[in-house]
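In what follows, structures are represented as structure tokens.
Heads up, the next two complexes both have chain A, just with different partners, chain B and then chain C.
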Partner chain A sequence: MNRLPLLLGIVAALAFAALPLVTTSNYVIGVGISALVFTVAAAALNLIYGFTGLLSFAQLGFWGIGGYATALTVVTFGGTFWQGLVWAALLNAVVALAIGYPTLRTGRHAFVIVTLTFALLVTLVARDWVDLTRGPLGIPDLPRPSAFGHRFASTAHYYWVAWGFSVLMLAFLYALCSSRIGRTLVAIKQNEPLVRAQGISPMPYKLAAFAISAAVTGAAGGVYTFHLGIIDPLFLDFYYMQTFLIIVIIGGAGSFWGVVAAGVALSALPEVLRFSADLRMIIYGVILVAAMFVMPSGIAGWLRERRLQRMREALR
Partner chain B sequence: MTIDAVYLLQLTLNGLALGLLYALIAVGLSLIFGVMEIINFAHGELLMLGAFAMTFALPVMGLLYWPALVVAVITIGLAGYVIYELLLAPLKPDEFERSILITLGLSIIIIHVMQYFFTATPRMVDTQYGFEGVNIGSIRITWTRVIGAGAALAAFGGLYLVLRHTQFGRAMRAIAQNREAALMVGIRPRVVARNAVVLASALCGLAGAAIAPIQLVTPYMGQFLIFKAFALVIIGGLGNIPGAIVAALGLGLVESWIGGFFEIVWQEAAVFLIMIAVLFVRPDGLFKSGGMRVG
Partner chain C sequence: MSALLEVTDLRKSYAGVHALDGVSLSVEAGSITGLIGPNGSGKSTAIDCISGFQKRDGGRIVLAGRDISGLPAHHIARAGLMRTFQTVRIYERLSLRDNLAIAAQQFDPATWLDEFLRTRRYRDAVAAAEGRARELVELIGLQRYWEIETGILSYGQKKLVALAAALMPRPRIVVLDEPVAGVNPSRIREIEAALAALNRAGETFLIVEHNVEFITNLCHRVIVLDQGRKLAEGTAQEIHTDPRVLEAYLGMTPEMAEAEMRGAA
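Then we have the complex of A and B:
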């Protein structure tokens, strides 16, 4: 087994933990929080798209439901932030099962389109169900969470929350992806009839992958909401979905560490470059189109190709 | 609550107009899926470009409706040609996810380029007809709506004739029905796919041009419509053109009726709930006839 990426990952995680000790700039720490949370959401998308081969646009909807569920738990129902995250995850898992069951019976084309429509539906509901979500005005002034009598009031303190959450989630996803379940998912993506022939029913695996991916994305949305301190329908801007997709595609769909590395790099990049919003989206679009033509399997896929090439040369 | 007949008729007419518009978009998506087995995510943006083409062509044509409409349709047909040759031609039939991601990138680029140059400010479009209209009893419909609906109906009639009775259209149906057999009798998939994309784009341009004088024109107008069109294509059955038209008209009516009596949330949610219900009952769409389901 190749343990090098895991070691590097642990070192990187520890290095990330030290960010608030190195800088006092709230802006830099804020970018750090975005990088951590986006990486988790992208890793969840990677589970369903990269590993299982089902392109899900519903991640945007789960992200939004998670954000709203967490915010509403705290503001409307008087729970804590942590309860909110649990509710966000549970609610999303249930929703994912409810959409996934009828849709996955039909095949991957319908799955893509249904998840896409679902994402839009969530946006419209967030905007129009004013009684619950307060409509376009949103829910401002979300209080920072506290635990064991300590309140994570400053951005630097909240960074630790985001860090702990991300490391936990990434570790969970890593364990899942590198387990027998992860290998089964890859097998379903590569050759579903063969998986059936081996006596494995693909449906429970697909549904489970979708539900877990939804739950993780929802919790990530919750953490990000409380970083922003406000939630409104803009939280469901398609920009987020594009960011997750580009991270997964550039990193390499189906490569756990490729996506994590791309997540950290690409979340920081737009902040560093400081383009206007329109220009940034145009660049994202161009990157997406170009990546699909030049390296459809991402940087990780490209590296793998090169390694295989070298092995073939050596054998010749 | 008493139901006022005039109000109901008004809602029904609005619903039909809306349904015809949905149908123009959904038919194009269905046509492209049938021939290439891909989904064009940027289809809504073609509609938006059609509306903008109409917006810019009208003043040049001295507010004359028909010449501007023709210009818009031809412009968007050409845009479809360029998109096909640049982006879609290299795709193979089973690269569904790749097609979605490429056209998604294209859609982002188009929206934000338009917004960058023309800003997000909604535009009003004036035509030679202004706000004049016809009166049916106590209901009033503007000419632009009547003509839009008429143009859509004419387009469906034309599409039917083309697909049924010309070599051009028969080749498309042949590819959609059986790719290998179509190849064997000498039909070139690349040419047919290009024709299908151009035809679908032109229909979308027509929809955009017809809607421009009715609604406000913004760079985002395509996005709201395309999601519904996607759902319609699923409800009608992927690649099933008559199914898409019927589903579109039905949705237009249902949305309009719901919008008239319930909160707006339900109007927006209707399409999704219908789609999920249809997938439960008939996974291959409402109008799948015959054939055997394997698996």
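Then we have the complex of A and C:
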């Protein structure tokens, strides 16, 4: 097994931990929080889409449910932020099982459509169930969490929360993806009839992948909500889904480290381009299009192609 | 004596067309049984129904004394029936090693918890599967591709990988769907030799194939299907001279067939 990516990942995680020590800019630290949380949500999408081959737009709904569940736990139900994250994860896992159980029996296209519809439905609920979500006004002034008597009040301190959360979730997803379960998910994506012919029932694997992906995305939504300090229906803007999907596609669907690297890089890229405010998003778009031309299956896919090419030559 | 696989009165129709019209067949333990017939005779439908990949309309399928009719495909595989597919199915983006490891995964007692804790049960299961995989890779002669993604192999080599994967969990019976279709002739001899060696070691095969020479060389018994019914059954020699078979399958009279065979000799 190639241990190099794991070592690099650990080094990068430690380097990220030091960000608040090298800068006092709340802006830069805020970008760091986004990068960490978006990477986790993208890695969760990678589990269901990249590994299992099921394109899920429900991630946006899970992200929103997670954000609202965490905020409401604190504001309406008097719980703590940490309890809120647990509820966000559990609630999403249950919702994912309820959607997945009937939908995963149908084809992959039906799955895409049902998950998209679900995401839109969550947006409607967030806007129109005013008694619960306070509608378009949202829930402002979310208090920063505390633990062991310490309050993570400043952005720099909250950064540690986001960092700890991200490292924990990415470690969990890494362990999952590199296990026999991860290998079986890849097998299901590549050749489902063969998986069945080998005595493996694909359904429990798909359901588990979908539920875990939902739980992680929900908790990530909770962490991001408390970074923003407010939640309203804009939290369900398609921008988030698009960001997660771009990270997965550029990183290389099905590659754990490719997606993590792309998560960090693409979260920082729009900010790096701020030197030219007018052209920023245009340059960003051009870079994405160019990347897709050069590497149609992402960074990881590009590396893999080169490796295969070397192998073919070696075997000739 | 009772056979390892006993199929009785298997029926299947698509939109009124009888693909299988009451087919009965049996496979003895330790034998190689061939299933042949012209295109559309129901061979593929038969093995799809037997392996659970298609729902049968009627009939009973018993494997080693256990009724497996109507079970889903993965339960039939767990009962000890492994199959390959006509259009080769392997995990093209996984290494040869992983292809074989997955094939045996469902058959060892290690759970995800065993894996997480790296228990002895997990380590033993992995070691046993690895040993079996190396043995089979040697048999099919693909040792140098052990760590390599199987997508870069040739079509014939992929068929061998699919065969090795089917053998991984030491199933009771292996059903091969056209194992040599589209494979170049020199490799056909290799596959034939490998199957004969495996059979001598006790493995049971049911083989669907168009290549009559391959079936003749290998099979102890041959069953001929035509239009969803069993037309004939017997040794390869008996089948070769059965006028009904020649008529239906080859469109020849016995005299023509004899002339053909003399010409080939």
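Following the convention adopted for this analysis, the second predicted complex is superposed on the first by the 293 of 316 C-alpha atoms of A that agree within 3 Å, B and C clash if a C-alpha of one lies under 4 Å from a C-alpha of the other, contacts with A are read in each partner's own complex, and residues count from 1 in each chain.
Following the convention adopted for this analysis, a residue touches a chain if its C-beta (ideal position, glycine included) is under 8 Å from a C-beta of that chain, and two chains touch if they have at least 3 such contacts.
Since the model is a prediction, treat every value here as computed from it, not as a measurement.
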First (chain B), second (chain C), both or neither touched by A:279: first
Contacts of A:78 with chain B and chain C, given as first, second, both or neither: neither
Of chain B and chain C, the chain that contacts the larger number of chain A residues: B
Touching partner for A:128 - first (chain B), second (chain C), both, neither: first
On chain A, the residue positions that both chain B and chain C contact, one per complex: none
Complex contact set, residues of chain A against chain B: 49, 55, 99, 102-103, 105-106, 108-110, 112-114, 116-118, 120-121, 124-125, 128-129, 238, 242, 245, 249, 278-279, 281-282, 284-289, 292-293, 296
Contact footprint of chain A on chain B as seen in their complex: 37, 39, 87, 90, 96-98, 100-102, 104-109, 111-113, 115-116, 223-224, 227-228, 230-231, 233-234, 238, 263-265, 268-269, 271-272, 275-276, 279-280, 283-284
Interfacial residue positions of chain C with respect to chain A in the complex: 51, 53, 72-75, 77-78, 82-83, 85, 89-94, 98, 101-103, 105-107, 112, 115-116, 144-145, 148-149, 151-152, 165-166, 169
Touching residues on chain A, where the partner in the complex is chain C: 175, 179-181, 183-184, 186-187, 190-191, 193-201, 308, 311-312, 315
